[in-house]
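Notes for the one structure printed next.
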């Protein structure tokens, strides 16, 4: 099963209290800005800018949220972000785990070179490929399309790296057993190995979704008409001006942007609890 | 963990499998190679088109004097060879940025890993309930917009009204202007970055911890190992691939430090928080595309070097 | 034999292609094609940032009423990274017909050859403020027209000034210094006059003083930063920090400027028209009576900075004629006034200021006055980088007490190595 200890003994009590204390303190420090963000999104603009900042709102107002939803064509932008994030995440989960599996468990010529190359691109700073990528995408006629928004990110080197490392630790005997039973390689992969990778898949899913959801610069440049804008782009439209920043709108927007990620996290994080059923082998 | 798959198959595959081959092992190897490439294909194709081509293009760009004013006619630029790279090393701003970034990485990566591992281990322990709440909580800074984080941290570090200095005042210390002092700004940003990113590592380490079979802990306990010994001799070794992954990814991320100085200090005061990525961003903003590309590839070399070092130190047997 | 011919063909093709790809000679102002007569037709695509982007579509309906066969499609672009979006569009040849372009970006984008020269027989350049028109001129050719402008004035607390015994706004450099001292010593302000101590955009606070002292950034194609006038201006700027009349941390970066002014910690500061609205909003009821604006003080002249945005038509525009007609419509004085009423952008057209909406507002009248003597840096392709050189040295002078003469020399040297991109 997982690494849960069996009965809690007496001297574990002290350890437990200490642990809780540290965790709660850490939690307060960590969650602070998020709480401030949430609370401030219902304050009037002047109060948000007050120095020193207030915690609990002196006046509660929903004006920023109202403005957000009335000025923005919210369902459209939310929908665009969702489609792009889901497609990107699904694609990454399949393609990266397939390649990760091949790199970790299948011997094929050129695998070391391929891995080195993929890993290498992970190390290339993102900014530098931006303009060439855009020129490439425009020449392919993919500007202002979902394909243009999704395709460049479907093959993420990070996912390959994560899945490969995780798959390395899956015992070969399970795979061999499945092969002996006559399963084709794809079935071995899909029905036997992947279910064992839930924690890694959940992790990759969350991280990819997050990256795609928060992606700002690429959708801004690829979308030439507003109906293809994603949520972060639309939010930046109204909250950051040439000479002023509308903090209230920006905070309300930030809350709205964060919520789906938190939801995805809550849904997927159950899968962290599933351990590897290696005991079944014995 | 390293069984040798090739020898567990039955001795000689039936001749019916391969009418034209007498050597079954070669056939199997070939099939395996094909399967391997089939699995790799979708990713490799997408990757080659959307990643490899731009990377090569931008590498070529770094050997020219391409500026933003040449964008309509990118082929008419001059090839300047290694000129950009040489200029980088006589650029005082770049040198400063490089030093700042190195200091940040050397301090920040271990700090974040320790925090992430501690959180993951704590949350993995049976002693803790409300695990989900803690998990989500610790992960929140990773997903919270950097702008909200910046506002709160600027308040925390405000020399007069800020929480940090007020707490210090309680014990009689007169706290400095954390972000305004050119020798304290970088350490402040380092702590803030570790705080912001440890949740990311926590999530990854949690997945890794889940992969450690319970029987190994059982065996250790039977042998009389206490909790710390179990951690050292069971958890850490089993976690090696994941730790390596975490270290490499964090190192790569931190070498590209950008958001925190961009939002909190704009690289100041007096360039004390200017990072290499920020410098590159500025150069792209100025339109010096060739020069910025060269700086990016120098950064790339740095990233490769750091990752190679980490692989060497933390390599797991494959 | 055959292989040789193929090689020749390939070489010829390459030469032809490269010839086609050569840097655009431009053709200059005379190369500007004239615009056809009659009403505008077809779809006109426009990119605009921020509030302008939000409000333009609705506003343009009046144009469509006058030109029923035309349609104006506005795409709002966020300011954050608008520069990157325009640069990428130029690279990928995905430009719209018209885009709003910040005045300090004109030099760089015009140099790409992506803009259409302004047809001067169609657009009347004398209608605009000369400082504004100059922001559209790159290498002697004008691209596009100014759309709206902004300039910088001294904001100050009237009530604190009264408390300090001052009855009139400062008019010269010496009076400004006395003014700041009085606000600090007699009215309790922490910063008598807050000036930006370096950092992004501090050149907009510093250069007005330089220009007022007769200093210039360029002389012909070269930089002329290292002059006694520039050093004198920088010394004056530094004196506010040296004499503790301004704090040394960037209040704008901290987002604390408005609150500090409202609470009286800052007695005066330099900024543009947007602060009128910001301060009135955040200061609460009655605060609008507590502050006023004054023109930049005089040394040899009383020159301020002029900024704003221009409208440019792209060379690759699909509907060029209609685009210019739309721009001409936006430049009509009555349309400029209506635009001000919708969005609060100050008209770039001088006649627009004759309207009572602008003439009778006490704040705006001062801005209008200052616009007559306002300059901007000469449009150059490398401006962003040169600006950061200036900002860097201003920071050293303000925070680290660097010798102004040395700082000015460093500015000259670093700017020259960056070049004007010309």
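Going in written order, the chains are labelled A, B and C, and every chain counts its residues from 1.
Here is the rule we use: a residue touches a chain if its C-beta (ideal position, glycine included) is under 8 Å from a C-beta of that chain, and two chains touch if they have at least 3 such contacts.
Bear in mind the structure is a predicted one, so any value in this text is a computation, not a measurement.
Engineer: Comparing centres built from CA atoms, which chain ends up most distant from subunit A?
Structural biologist: Relative to subunit A, the chain with the farthest C-alpha centre is C.
Engineer: Consider the two chain pairs A-B and A-C; indicate the one with the greater count of contacting C-beta pairs.
Structural biologist: Higher C-beta contact count between the two pairs: A-B.
Engineer: Per the centroid of Cα atoms for each chain, what is the distance between subunit A and subunit C, given in Å?
Structural biologist: One centre to the other, that is 39 Å.
Engineer: Between subunit A and subunit B, what's the gap in Å when you average each chain's C-alpha atoms?
Structural biologist: Distance between chain centres: 15 Å.
Engineer: Enumerate the residues of subunit B that touch no fewer than two other chains.
Structural biologist: 71, 151
Engineer: For subunit A, write out the residues touching at least two other chains, lowest number first.
Structural biologist: Within subunit A, the residues that touch at least two other chains are 51, 131, 247.
Engineer: What residues in subunit C touch two or more of the other chains?
Structural biologist: In subunit C, the residues touching two or more other chains are 87, 91, 93, 254-255.
Engineer: For the complex, give me every residue of subunit C touching subunit A.
Structural biologist: It comes out as residues 49-51, 53-54, 73, 75-81, 84-85, 87-89, 91-94, 96, 102, 150, 254-256, 258-260, 272, 274, 278, 281-282, 284, 309.
Engineer: Taking the complex as given, what residues does subunit A use to touch subunit C?
Structural biologist: Counting only subunit A, the residues touching subunit C are 45-46, 49-51, 71, 130-131, 134-135, 137-139, 143, 216-217, 220-221, 224-226, 233, 236-238, 240-245, 247.
Engineer: Using the touch rule from the top, collect the residues of subunit B that touch subunit C in their complex.
Structural biologist: 67-76, 151, 154, 177, 180, 265-266, 268-271, 282, 285-288
Engineer: Any idea which subunit B residues touch subunit A in the complex?
Structural biologist: Per the stated touch rule, the residues are 1-3, 5, 8-9, 29, 32-37, 39-40, 42-44, 46-47, 49-55, 57-58, 61, 71, 119, 122-128, 132, 134-145, 147-149, 151-153, 155, 158, 161-162, 195, 199-200, 203-204, 206-215, 217, 238, 241-242, 244-245, 248-249, 252, 256, 277, 280-281, 284, 289, 292-293, 296-297, 299-300, 303-304, 307, 316, 318.
Engineer: With touch defined as at the start, can you tell me which subunit C residues reach subunit B in the complex?
Structural biologist: Checking each residue of subunit C against subunit B gives 17-18, 21-24, 83, 87, 90-91, 93, 108, 111-114, 198-200, 248-250, 253-255, 381-382, 384-385, 388, 392, 395-396, 399-400, 421.
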